[in-house]
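In the two assemblies presented below, chain A is common to both, partnered first by chain B and then by chain C.
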Partner chain A sequence: MDDDWKRLRVSGLCKQFARGSVILSNIDLTVDRGAFMCILGPSGSGKSTLVDLIAGFEQPTGGTIAFDDSPVRGPGPDRVVIFQDIGNALFPWLTVQENAEFGLRNFVRNRRERRTRALEALELVGLDKDTHKFPSELSGGMKQRVQIARGLVMDPHVLIMDEPFAALDAITRRRMQYELKDLWQRTHKTVIFVTHDISEALILATDVTVLSSGPGARILDTFRPGLPDERDPADPAFIAAYRRVEALIGHVQDAGDAGRGEAR
Partner chain B sequence: MIRPGRFGPLYGILLFFILWQVAAAFVGTPLLFPEPMDVMRGLAYMTETGELFEHLGATLQRLLVPLAVGMPLGAVLGCAMGASRDVNAWFDPYMRMANSTPAIALIPFALLWFGVTELARYSLVFYVGVYVVALNARGGVAQVPRLRIKAANTLGVLGASAFFRVVVPSSFPAILAGVRTATGLCIMVVVAAEMLGAASGLGYLIIRGRQNYDPTLIFIGIFGLGILSILFDRGIAFAIERFMPRWSVRRRV
Partner chain C sequence: MPGHGIRRTAVVATLSILTGLAVWAVASGTLVSEVQLPHPHAVWQEAVAKAESGLLWESIRISLWRVGWGWAIGVVAGIATGLLLGELRGVDAVVGPIFEFLKGVAPISLVPIMILWFGIGELPKLLIIAYITWVVVTVSTMTGVREVPKVRLRAARCLGLSQLQVFYRIILPSTASYVLLGMRNGIGFAYIALVSAEFIAVDKGIGFLIMDSRLNLQTPLMVVGIISLGLLGSGSQLLYDAITLQTPWLSRFRRQ
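Now for the complex of A and B:
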């Protein structure tokens, strides 16, 4: 895989499951290298379907997904997904360290190198003291940190996170958001972050894409919130951005044909 | 949750012996219902002569030898059935048949084919070991959370690699449940087979007691079966704890 990629481009993406309704229609999305792209949409709008397509778990009915000009094919460690389901995403018979090393086994011959790389990633998420623990001994927040470390270890082009904090309690969730933000600022890893939580998106994102509710979800708007590095939900600019997204989603819900221009 | 008192089981056993003594005194016919002390004496005698261990050992061997071969084979077969539609289609009818036929009903068959031999008993236990573990293993493979496989795939672990590194280990708890079920069933089968034709074993002891009007022997045989069950139960628990601690009950995979 080409390491000099500049952007991940999703164009004209459509998805319809066999004999089902159209889930996604004509999705265009450009994620620049180093960006933190939040995909925001109500539950059932097809966010996870979009993640499955980008990750390569599902084949699109139409359209393309490519790093610059090389299309992605099937799942692979250049697009690691972080899943919402805290209970099933980790391998419960493996320790934290072994979970973090899991993907390296097929790519890194040297055992010591695997250990070191996994440990580095665990350090990044603050779990280097818990390497010997099993997932059943970890809190929800810690489990998600292991998942993030397990993904970072692979040094993916993009880290795709599908509502990773949705199953956490509100306090842990907020803490994880700021930790992730910090992590991103240190690594500048490209992130696609899916959420239905507007303030979560606005705390994290450099770019926001808003999906309409399904079926047949389409993109309502893509914008850069242009907020300062240190995000404060009480900041007037933050509130303005929040309102804007709310209006965008609200319009669709009551009128159905609210113009995109009006929301801008 | 009920907390067992320190001497809880002891009281239970004591109560059991008292009730037994009372009942035996009430029946008053040692030929039908021996008193605890008679059984204890018989037990002590058979322990001294080593006869008890001979029979216990005979039954134990008839379980261990065929299970040691049958259960791993069942695990492999079940995993293969879970992994491949084709393999499943080939073997599923036999699994259904095996599962709906009480194994005990096959004993006369085995004795007819192989005669009153070790082979007859081995083949019965082997058969039960294979199909019970295979059924559980297949169920275990089918129930692996799809997300776990996706998690492996996104890390670049695909296909056969994902199967052996994720699906098989995920199925271990189901396979171990199968091992427990299989041993329980096999104890029943092997005892029944010994009753229908054998010159040693706990089942033989029980049937000899019946034929000689010596109920003490029957009781000793039953006592021996209790020991056997505990031996297997503890043995399996120990083996898991010792060799696969990651799948021990404490760890709840």
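Now for the complex of A and C:
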């Protein structure tokens, strides 16, 4: 894989499941290297379907996904996914340390190096004191930190996060958002982050893509929020951006309802 | 903490056994004639006599040999079949009900056909025990494979594992707890099958001892056989639990 890539480009992407309706139609998306791209959309709009295609878990019905000019095929360690399903994404028979090391076995021969690399990643997410615990002994937030460490260890081109904090309580969720923001500022890893939460997107993103409600979701808008590095939900600029997105999504939902009305 | 639980279980078990013995001792000779239900003391004397003559040990030895080998063969075959069927996507929907049906077929009903196919030697006896264990372990293993969460498989794939690596680094450890449970249930089924198997032809073994003593109206010996069977069955399960619980690397797979 080319390590000098500049952007991940999704063009004309369509997805229709066998004998199902069209979920995504003609999606174009460009993620620059180092960007924090939030994909924002209502539930059921096809956000997970979109990232499953990018991750290579599903094959598109049409269109392409490529790092510059080299198309992606199937899942691989250049696009590691952090899943929403807190209870099932980790390997419960392995300790925190072993979970974090898991993917390195195929790529790093030296056992001690695997250990140090995993420990570095665990330090980044603040879990270097819990390396011998099993996932069943961790809180939801800690489990998601292990997932993030397990992904970071692979040094992927893109870290794909599909609503990673959606199942956490509100306080933990907010803390995780700021921690992730801090992590991103330190590592400048390219992130594709899926959410249905407007403030979450505005706290984290350098780029926001808004999906219309499904079925047959398309991209409504892609924009840079143009907010300062330190995001504050009480900041007037933040509130203004929030309103703008809300209006956009509200408009979409009305249109979706109208569409469904016609179909009946 | 676990030690405390085990101690309490032991106390409760001892009490319930003593109560059972007391009821039995009172009932024998009063509510029921001693021919139909011999007194515990008579049974004890019979057990001592047969232990001294060696007949009891010889019967236990041969029965344990059959159960042990039959179960082991069934376990190995069941794990292999369960993994294979679980991995073949879509097959489990068809095969699952068939195995549930087979699980319901009492081993004893297979005795005549086993005699027909394999004669009256050791082979049909082992096969009946192996067969039922195989069914139980297959179902359990197959369920385990089917229940591996999709995100766990996906997580492994994007961490760079090949399909084959996913099988032995994700599917095997994810399925282990189901296999262990199937093996444990298999023990009970294996003992049920043992008695059926020992109805095949005149021979030795605890099952044979029970049947033979009925023909000779030696009820104390019959009760000795029944109790030995119960002790062996529950003893085997206790041993299995002790081994699996005390093996540190196995306890990992119980965590979910």
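In this text, the second predicted complex is superposed on the first by the 254 of 264 C-alpha atoms of A that agree within 3 Å, B and C clash if a C-alpha of one lies under 4 Å from a C-alpha of the other, contacts with A are read in each partner's own complex, and residues count from 1 in each chain.
Everything that follows uses one rule, which is that a residue touches a chain if its C-beta (ideal position, glycine included) is under 8 Å from a C-beta of that chain, and two chains touch if they have at least 3 such contacts.
From a predicted model like this one, the values you see are computed outputs, not experimental measurements.
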item	value
Partners on chain A (chain B, chain C) - clash or fit	clash
Which superposed partner A:Ile148 touches (first chain B, second chain C, both, neither)	neither
Partner chain(s) touched by A:Ile65 [first = chain B, second = chain C, both, neither]	neither
Touched partner set for A:Leu127, first chain B, second chain C, both or neither	neither
Contacts of A:Leu24 with chain B and chain C, given as first, second, both or neither	neither
Interface residues of chain A shared between complexes with chain B and chain C	55, 57, 74-77, 79-81, 83, 85, 88-94, 102-103, 106-107, 134, 136, 150, 154
Chain A-facing residues of chain B, complex	145, 147-148, 150-158, 161, 165-166, 169, 172, 246-247, 251-253
Touching residues (chain side chain A, partner chain C) in the complex	55-57, 74-77, 79-81, 83, 85, 88-94, 102-103, 106-107, 134-136, 147, 150, 154
Contact set on chain A toward chain B in their complex	55, 57, 74-77, 79-81, 83, 85, 88-94, 102-103, 105-107, 134, 136, 150-151, 154
Chain C residues within the chain A interface of the complex	149, 151-152, 154-161, 165, 170, 173-174, 176, 252-253, 255-256
